[in-house]
Amino acid sequence: MPDIIDGRIAAAIYEKVRREKPLVHHLTNFVTMGDCAAVTVSAGALPVMAQAEEEVEEMVSAARAAVINTGTLSPSRVRAMGRMGVTAREKGIPVVFDPVGAGATRYRTGEILALLRKIRPSIIKGNKAEIGFLGGLHGIKIRGIEALNIDVDPLEAAQRLLDFLDYEAVVVITGPVDVVYDFRRIARVFNGNALLPLVVGSGCMAASVIAAFAAVEEDFFTAAATALATLGVAAELAAESKDNLLLGPAAFKIRWLDTLFFLTAEQLVKSARIKVDEVTQG
Amino acid sequence: MPDIIDGRIAAAIYEKVRREKPLVHHLTNFVTMGDCAAVTVSAGALPVMAQAEEEVEEMVSAARAAVINTGTLSPSRVRAMGRMGVTAREKGIPVVFDPVGAGATRYRTGEILALLRKIRPSIIKGNKAEIGFLGGLHGIKIRGIEALNIDVDPLEAAQRLLDFLDYEAVVVITGPVDVVYDFRRIARVFNGNALLPLVVGSGCMAASVIAAFAAVEEDFFTAAATALATLGVAAELAAESKDNLLLGPAAFKIRWLDTLFFLTAEQLVKSARIKVDEVTQG
Amino acid sequence: MPDIIDGRIAAAIYEKVRREKPLVHHLTNFVTMGDCAAVTVSAGALPVMAQAEEEVEEMVSAARAAVINTGTLSPSRVRAMGRMGVTAREKGIPVVFDPVGAGATRYRTGEILALLRKIRPSIIKGNKAEIGFLGGLHGIKIRGIEALNIDVDPLEAAQRLLDFLDYEAVVVITGPVDVVYDFRRIARVFNGNALLPLVVGSGCMAASVIAAFAAVEEDFFTAAATALATLGVAAELAAESKDNLLLGPAAFKIRWLDTLFFLTAEQLVKSARIKVDEVTQG
């Protein structure tokens, strides 16, 4: 029997985040940095965004989880990411690694692969093109930071990446159905809303909340699946606009953040839809 | 007879943007980077914000249009802008160049002029003080990045800049009435709303949408005029708040983005107000 | 008798900001840069965010107030802050210095102390942990950029910092009750709302508005107290949602900005709550 991960477990972890307010150190891109800070606060945790090589090791040592996001990469940021990530690993602080733009340029891809090998992050989260590309799947085309509409099986992409990396990690592939994989189990999270992928930074923000959950839940597989379900339930409820507010991506982002902020255990228990299956290695 | 550019043409180009989802590579300032990404998505295109010298050439080569914005300039960004802009020109990818802060400091002005000469961007978009200053008009005072209330004729400012640059480009001057000029024609766009200039980044965001339109419409003069009309119609409709929402610059920005997202061809056909005239060279 | 600073004085200064539209030059962190620009516009002033060493001296010379914020610090930013701050002091332009993250890492703390000694800013604004830490109070623990719930008397923290710095400055400590101190007087500002500290960047944004007020009011003690009351009254009115809008930190931020934008002298006169006392040196 596979583990059961449901809304009650999500609610218990979310409650723990809100009670313990873990510090989540981000080294993330300039585009959505403010959004990542906002979602971390809305989820009840504390964000910090220090990025200088000179201080990331000390800052991450004071944190309970870390996010490394490769958007708007640069050589100095790569160096800071390496120092921050290695320190986090040495101290047992979970790192959520978001390989934004993997496959988009040779520079980005090369630095991402080097960082993955160096940091060995606990959780790697991307879309299926990024994860598939990093795992060596053929025929993947990436345009900017967007996955083209490619026919990649998320489980295969996650498996290929873990085989390639050859250490124990949790791989998260976001999409209409989010997938979480850890060699042994696959969780599928069915919550969400069609506006979510149109919110710039929604993927980056998911990494922040996964990190906040991983800060208080040592089974990172469970932490990732419940974080995604929590964000997805908030998105579903945010879209149920009772007033007349015009709800495009911009207003939806605001409401998503605030729905997450007010989300109750009851709502999570009622609406979280997570399915866990055991995976037989091929 | 001058060309007629109207709401039907705007709607046709906008439809093409939404269908083809062109990638628009931005190298823009840190202040409004997130807003530029958001408006690009709301307009149906795909943003990417890679900024490292190491990858901008490859990234822009995969894009169909580019935005270069000189806010929060720095030497490394200037170098990246040069490489990105030259690559774009060599590959025939339109560049919208936004000389934010031209005239504000000697450093900024010098780098902007050097970049203009090096890149020879397809479209140059600024306010009348920036464009007038770059074209050598006397008596222009710039305070920070804001045009002081100067008595500059937009057409003269545009003409002076094109005479100075001496290559074929489209010049856009934003203001209560937006002006687009290409040596041969002047378009005046009468759409907009008084809250728009109070939205931080509305000018930067206009560059993003002009670039998205220029990605699918090879007559950049038409692309710029219709993009501005589209944004202006969205602003007019956004201001017609049917609910009780307090609509200052912050809420208006959200609603403007979402109105743009939902904007229909019918609304554009009904409300776009663009006037094109031939220009006799003086 | 201590000075009386009330809503009428706040309204008079705010009116002056709106009329004179002072340019406020920011060198602030990447996380909330856009929010600082937005609040500056909503308060009726003009923001500029130039950050390159090559231009900050010239840019700040054109400004009437400056904000230096040490979030997302880096060596190049420290250098630019030093040049900007020294130039401002030499030209008599007030600097609001926000020592974000003081105490969080040795690097951050060291650079902040060096900048304070070098710049000698007119106004230093932080939370009580940051100010207490910089003043040498014992037993202060800082986690990321958040003050832990420490038992520090704000007045003592402010006094210790001024004693340490040994020059005339105004110290602002934000909190449920904001405190302003200048060796001679202490002002307590009772306006505000519980959602405000959950708005990422609300502290940074307060610095922007204090700077805008200090640009037009040469008694910086009065400028700081009235700016905080103005922001606090806007927060109180923003929270009085008459519609059904879900008001978590994200929507509240938008409404706070817009309430500030529309704030009237009558509202300030009616609701500002500032108490000034003379301080006997211990």
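Residue numbering begins at 1 within each chain, and the chains themselves are lettered A, B and C in the order written.
The working rule: a residue touches a chain if its C-beta (ideal position, glycine included) is under 8 Å from a C-beta of that chain, and two chains touch if they have at least 3 such contacts.
As the structure is a computational prediction, the values presented were derived from the model and not from experiment.
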(message) Considering only chains that satisfy the touch condition with chain A, which of them also satisfy it with chain B?
(response) C
(message) Same residues or different residues where chain B meets chain C? The copies count as same if more than half of the interface numbers are shared.
(response) different
(message) What rotation angle takes the CA atoms of chain A onto those of chain C? Round to the nearest 5 degrees.
(response) 120
(request) Could you grab the centroid distance between chain B and chain C? Build each centroid from C-alpha atoms only and quote it in angstrom. (result) 34
(message) Which positions in chain C are in touch with at least two other chains?
(response) 30, 34, 243, 245, 254
(request) Could you please specify the touching residues of chain A with respect to chain C in the complex? (result) 23, 25, 30, 33-34, 37-38, 41-42, 46-52, 54-55, 58-59, 62-63, 76, 242-243, 245, 253-255, 257-262
(request) Sort out for me which residues of chain B touch chain C in the complex. (result) 29-32, 34-35, 71-75, 101, 104-108, 143-146, 198, 200-201, 243-251, 254
